[in-house]
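I am attaching a structure below and will ask some questions about it afterwards.
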Amino acid sequence: MKFEHYGIGVAKGMALTFKHLFRKPITTQYPEERLTVSRRTRGNELVWDKERCTGCATCAKSCPEGCIEIITSTGEENNYIVDKFEVDMGRCIFCGLCVEACPFEALFMGYAYERARYRRQELVMDKEGLLLSGERQPSGYARPKIEAGLPRQTLLLDRDKVKK
Amino acid sequence: MALKTEPFVINVGPQHPSTHGVFRMRLTLDGEVIVDVEPVLGYLHRGIEKLAEGRTYTQNIPFTDRLDYLASMSNNLAYVLAVEKLAGIPVPERAEYLRVIMAELQRIASHLVGVGAFLNDCGAFMTPLLYMFREREKILDLFEMVCGQRLTYNYMRIGGVSHDIPAEFLPALDRFVTTMPGFIDEYDQLLAENEILLARAKGVGILPEELAINISASGPVLRGSGVRWDIRKADPYSVYDRLEFDIPTGSVGDCYDRYWVRIQEMRQSVRIIRQAVEQLPPGEVRTEVPHLLHPPEGEAYGHIEAPKGELGFYLVSDNSIAPYRFHVRAPTLINLTALRDMMIGWKVADAVIIFGSIDICLAEVDR
Amino acid sequence: MTLAFSGEEIASQVEEQLPGSIVDSSQDSLVVNSESWLAVATFLKDTPGLDFDYLTSITAVDYYDYFEMVYQLTSLKHNHSLVVKTRCYEREKPKLPSVVSLWRGADFQEREIYDLMGISFDGHPNLKRIFLWQGFQGHPLRKDYL
Amino acid sequence: MAIFNYYPQTLSPDWPGGYWLHWGVFVVIIMAFVLAMVMGFIYLERRGIGRFQVRLGPNRAGPLGILQPVADAIKVLIKEDIIPAKGDKWVYWLAPVVAFVPALMIFAVVPFHDGALLVDLNIGILYVVAVSSVGVVGIFMAGWGSNNKYSLIGAMRAVAQMVSYEIPLALSIIGVVLIAGSLSMNSIVEAQDIPFILLQPLGFIIYFLAACAEINRTPFDLLEAESEIVAGFHIEYSGMKFAMFYLVEYCEVLAISAIITTLFLGGWRGPLLPPFLWFLIKVFGVFFLIFWVRSTIPRLRIDQVMAFAWKCLLPLALINMVITGIEVIALPPALLWTVIFLNLGIMVVLVVLWSKFFRLGGGRVEV
């Protein structure tokens, strides 16, 4: 193999890297700087609406991993009473099929992403743990009404200057 | 005096910086020259084919994400095409266009990783890789906007896609499409003419045309050897027959050609996305499909041109809710057949870049 | 568009050359006698006008009574395709001819089938388990493997 | 900077007490200087490469991440010290020391200021060439003692590379020596009324490339090529011993930067600023060039590296030496600028000619 370009190829590349020295770094300094995630983000931990849930277990049937466990009993008005609604978030693959399947919009994907735990047992969420709370907000995945109210996602694309 | 020498065996992998996963090559070396190579696979074998036999057709879509995790959209697409073929489900036109846009974005993202990792194997200390990851990040942002995940999208559904795109997607995509060619030019400026890359990659690891066909290579590996074969053109699926694009082909089939083909394919993908956005019709994005799909008894083979080659899903239905047989024609597994022929006689350093130029994803190879 | 040949169309051609090799043929596939499969494969590959030079994919399906091998053949030259099947009724030690001598692309795929389905291929140069380790008991993709 | 002028004026260097004082003080100063500069280099390189790669680089430890090298050092020191069970223990232990000492010894003759050096050897440059090539013994010992195939390959590469590049390196220095008329480092600096890079452009390029190869920097970092042989000779090292190799790497870079500064860039000479500062600025300039190269280009293959030394650098260095000799004898010193342009012209012609005619390395080897 010959040096066909007399080193011009190397020089061109060096010029490009030098140009990058003056570009703004794209790093996000995570704990201080935070990006807004997508409105449809499939974040950690499902959020469950106790009032709307009828205990039909469609979500459990649609889960590919089988990580949703529902036990119901029959109530006075011939309805289901949800005795147990347990999700093993350690097995969840965040595919969102359960949320899509829910006919009563009682299940949401989470909007949070900082829900790491030290122990696997803590990842098993029971009825109380799945309820909506301050740090457990629902995301707009498959829920257009919630999606409309969430802030705009930050995009790396917005940093590019578009050449006209 | 003749020195007595003997070849020695060296294990490259399964833990090695440039095996792109848990691949292992048993190289037999004579000095630095490779005498023999034996690929050892299976470190990431999860039995997806068996798992899929126990899950419904819809539940299998997230599993396809986990085949080639650098090109999940393409995997989704290939799988849903196979199921739609099996069950005869129509797809709304808007969904077809969305699928094409996503698949092409995914092709760019996957090639960025492939080319970046290849250049990193050549020894360009992370710089091209990071430049390419920057652009990939933008694509991942777009995917996140559409489907809420950055790696395992689970976006395509049987009979369409899971959601329509949000309002801010098209402006952002337009921005991406406008800036991307400039960045591809930058990659060319960075290394395409670089003497060292030329010296390293040109003429190295040649895969002749006939051999490439005989070993069933596909994707850039096949096209790098000069075979004009792209399933998007040869057997158009979705709406590719309405879009104009070229098939870049290499001339000799060396590592540089494969690299070059990937760079050119990115340009073509940008072109396809432009056209698809222009033609994008309004309307529904999903046909109503029963939750538990019972396709009629039979079998179907759906294949697409995934970034790494021809990805096919062979499904056999016995009219139950789960596939009776679920087979993945993994492009990179079959491309690996060429490894031995390409490698023998080259040096250790070449082994790494020849391997890198095939651009494999171990999750797909081992399944 | 890739022209998908119907099994019947090819069956008559094959039957002319190699009588008795076709077991069954339908719209979408051609079922070949396992003894004459290699001869049929050679015919399909080398006959001008057919030129199936590209072996897209090999699969095996376990139907309890028999194993069915599914070969997806493509001709890059003429852009047409064909699905050929062959069956193996033996369950203890199923054996089929290998097509590696014709299409080397079959190499890893046949090893994969040998590994996961337990069908051994005559004439394969390096028939070893590919994904699972040597000494693994059973073949996971068989329907009776739990 | 008074300290550098202090001893020669007040105490006669041949007075034993003065000599030992001078010696002691300078050794401490050099050690401190080297360690401080190495830390600075590590910090600068990591931050600099970060910026080249559109990221920030380490910025957490201390303000602007300035304590990162300290953090690295502490981290490395508290790591477990592993000795391979089947390794050659003595060799393994000694290797870092053998590698480190020569790298440090080079600084004995580097002039930081007029006369401010440990010993102004009248064969200073010869000493540098001799001592700097001893370091490879340590590297080979490390490769051998580790009892690891990767490290052995790395060590073999290191030796082959060092032997080859030592020759163009020494030959390119001869040009400088011919012009300066002295082998003493201090005299060479004093002779540079204009920096020798202008008089010896070709010599500078050859020296720079050969030096890069000698200190195993990209594009010649084959012996620790991460993508091929993981970490090369120091693959089995950890803890303090690894830190020593890390130190050696940067120490050698510092030494080479300092020598290039001394030989080609006019050493401590420069207007306005104090000499010591000029020296530092030039050293950092050379170092910037080195890591700029590192962040851009891929690495060569071993046979190409060899071919580059023997087929390209060696003949060019010989021609350069002959031309310089003729110029020194035949051309009067008054024609300084003529010589500069003549040499530039010769350099361009030679580089173009060699690019046309020479071939890098062999290709495939039949096995």
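Order as written gives the chain letters A, B, C and D; numbering starts at 1 within each chain.
Methods note: a residue touches a chain if its C-beta (ideal position, glycine included) is under 8 Å from a C-beta of that chain, and two chains touch if they have at least 3 such contacts.
All figures in this text were calculated on a predicted structure; none of them were measured in a lab.
Visitor: With chain B excluded and the rest untouched, write the groups of chains still joined, or say one piece.
Guide: A, D | C
Visitor: If I average the CA coordinates per chain, which chain comes out farthest from chain D?
Guide: Result for the farthest chain: C.
Visitor: By C-alpha centroids, what is the most central chain here?
Guide: B
Visitor: Consider the two chain pairs A-D and A-B; indicate the one with the greater count of contacting C-beta pairs.
Guide: A-B
Visitor: So what's the Cα centroid distance for chain B and chain C, whole Å?
Guide: Taking the average C-alpha coordinate of chain B and of chain C, the gap between them is 25 Å.
Visitor: Compute the distance, rounded to whole Å, between the mean C-alpha positions of chain A and chain C.
Guide: 43
Visitor: If you average the CA atoms of chain A and of chain D, how many Å lie between those two points?
Guide: 51
Visitor: Can you list every residue of chain D that touches 2 or more other chains, as numbers and ranges?
Guide: Where chain D meets two or more other chains at a single residue, that happens at 52-55, 295-297, 304, 360-361.
Visitor: Among the residues of chain A, pick out those that touch two or more other chains and give their numbers.
Guide: 1, 3-5, 7, 10, 13, 16-17, 20, 26
Visitor: Could you list which residues of chain B touch at least two other chains?
Guide: 127, 131, 134, 190-191, 194, 196-197, 199, 203
Visitor: Using the definition of touching given at the top, classify the network of chains in this structure as line, ring, star, complete or other.
Guide: other
Visitor: Determine which chains touch and list them pairwise.
Guide: A-B, A-D, B-C, B-D
Visitor: Spell out the residues on chain D that touch chain A in their complex, using ranges where they run on.
Guide: Where chain D meets chain A, its residues are 50-56, 59, 292-293, 295-297, 304, 351-352, 354-356, 358-361.
Visitor: What does chain D use to touch chain B in their complex?
Guide: 49, 52-55, 149-150, 153, 218-219, 221-222, 225-230, 294-304, 360-361, 363-367
Visitor: Can you list the residues on chain C that touch chain B in the complex?
Guide: Residues in contact with chain B: 1-2, 53-57, 59, 61-62, 70, 72, 76, 79, 81, 83, 103-109, 112, 116, 129-133, 140-141.
Visitor: Please give the residue numbers of chain B that touch chain D in the complex, ascending.
Guide: The touching residues are 8, 10, 16-18, 30, 32-35, 119-127, 130-131, 134, 190-191, 194, 196-197, 199-200, 203-204, 344-352.
Visitor: Over in the complex, which chain A residues touch chain B? Could you list them?
Guide: Chain A reaches chain B through residues 1, 3-5, 7-10, 12-13, 15-17, 20, 26, 37-42, 58, 62-64, 93-97, 100-101, 109, 139, 141-142, 147, 152-153, 155-158, 160, 162-163.
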